[in-house]
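Both complexes shown next keep chain A, but they swap its partner, so chain B is in the first and chain C is in the second.
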Partner chain A sequence: MTTAQIRGLPVVTVLGGDDVAEVRDVIYSPAHGAVMALTLNRRGFLAGRRKELLPSSSVHAIGQHAVMVMDEQALMPRDEARADVAGAGGDRDVLGNDVLTERGVSLGVVRDLVVLAGTSGAVVGYQVSKPGGGEAFIPLPAQLSVSGKALVVPDLTEEFVRDDLVGLGAAVDEFRGRLGLR
Partner chain B sequence: MSAMAWLILAVVAIVILLVLFVALRRRRRRGGVIATRGKP
Partner chain C sequence: MTDSLRAAAGRKVVSRASADTLGAVSHLVVDAKARRIQAVVVGKGRKARLVEWEHLAGFGPDAVMVTDESALREPADDRDRAAADGKLELVGKRALNELGTELGTVDDVLFDPEAGALEQLTVGGRAVPATALIGSGSYAVVLASDDPAGAPAPTSVTG
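Right, the complex of A and B next:
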């Protein structure tokens, strides 16, 4: 699944059935290749942000129509979260970043992140818009650096650009094998 | 301009502002994908 399918979902408690929040941002760690936490909005059109974060470890399940947590205690005040997660700001939004290889070849613009369904937020690749038009997927761990403006990837990544999610699945294993990460 | 023209102008301006407000609100509510700092 992609993060676009997660953002905007309601956060519902398993024990109470209460609709406590709505997913706003996905906080992602390039170092861990995983979604670390979700930032939240209050429910209701004119309601603002919630100060708490929802750490991935407290998520019970991410479904098609809701993010499930056991109870409202799953939400964590921002100042109690890990420093890198609590300090993550909108200036480091990955969406819209240029994907550049070490040689300076643009592979496209990041449109979304592909998250492995049924896991605690493992990210397997990026969905990009190709420079010539159309969508493509590149596998993780691809990035050498992420700045909020550009994503720099090894030259080898060019060989593993795939046009669909099925192709991405196979490319991830092959790519990791080539990088010696298996 | 007549009173009617002013009224139409005001209604159009309010509708445009409302559409912009809703679009901005929707965009801000959706958020994004924020990368944490630290070496990948």
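Right, the complex of A and C next:
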């Protein structure tokens, strides 16, 4: 799933079956390779911002149709959330970055993150605009260094560029497996 | 013997003491945690009243029996009022698995009319054992994931 698909999803309690909020935005840490927290809106017609944050540690699962939490206690006031979660950085530090392989080939510009559905926010790839035009999906290694303007990925990434999310699902496991063997 | 939520809707509610029909079953309220019928909602809208399962004299195929009219009570708290408004009705409700994927809507729920225990849900045309039921509320019914490990361990990016 891309974060564009996650924004606007209802936040639903597993134990209560109630929609307690909806996703406003995604706070991503490239260093952790994971979503750190979700910011929230209220549900309903008069939807406004909710002050609470939903830390990923309290997320049961991010799914295609809902973000699941055990109960409403998962929503934490901002000042109680850890500093690195509450930071206003958001995912903007990688969006717009150029993706370069180690030998200097550009794979495109980051447009969105790909989150593994059913997890609490594992980021397994990026959606990129290809240098020649068009969209593509690339898998990410488990950890990644990011400068703020560009990010450098292993040469192997070139072999695993995929046109759609379904293809990327299979590519991620094989990609990470082959990186681990080197 | 097995009864179902869909079949029970509209069934008459009769006082055993006076043999009067007190109303008709609007729907049944389910306790998802205990996986059993919690109460019967009699009548609709502002006239809706509730009977706790324990206060029924019998849940028959043709009539739901109560000892007398005093078994029916007005909605008392927020949950009662949500039940009276039909917000907690299971039939027709969206079903989500615990990983946040929609499974369709709840078509029907089978239960044992003697004990009130839920037996099986039909969701999107598929039979699901009642043991998979985790939660139920105003927005959705939440079911355990099919994943035998029970933990979020998916392999698909889209799924």
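We take it that the second predicted complex is superposed on the first by the 118 of 182 C-alpha atoms of A that agree within 3 Å, B and C clash if a C-alpha of one lies under 4 Å from a C-alpha of the other, contacts with A are read in each partner's own complex, and residues count from 1 in each chain.
Just so it is clear, contacts are C-beta pairs under 8 Å (C-beta built on N, C-alpha and C of every residue); 3 or more make two chains touch, one makes a residue touch a chain.
This one's a predicted model, so the numbers in the text were calculated from it and none came from an experiment.
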*asked:* Output check: A:Thr39 vs chain B and chain C. Expected answer is one of first, second, both, neither. What do you get?
replied: first
*So, A:Leu168: does it touch chain B (first), chain C (second), both, or neither?*
second
_On the A-aligned overlay, A:Arg176 touches which partner chain: chain B = first, chain C = second, or both, or neither?_
neither
*Which partner does A:Val124 reach: the first (chain B), the second (chain C), both, or neither?*
second
*Parts of chain A lying in touch with chain B, wherever the complex brings them together*: 3, 7-8, 22-31, 36, 39, 41, 45, 84-85, 87-90, 92-95, 112-113, 141, 143-146, 148
*asked:* Touching residues of chain A toward chain C in the complex: what are they?
replied: 1, 9-10, 12-19, 60-68, 114, 116-120, 124-125, 165-166, 168-169, 172-173
*For chain C, which residues are in contact with chain A within the complex?*
32-33, 96-102, 134-142, 145, 152-159
_Taking the touch rule as given, give the residues of chain B at its contact with chain A in the complex, in rising order._
25, 29-40
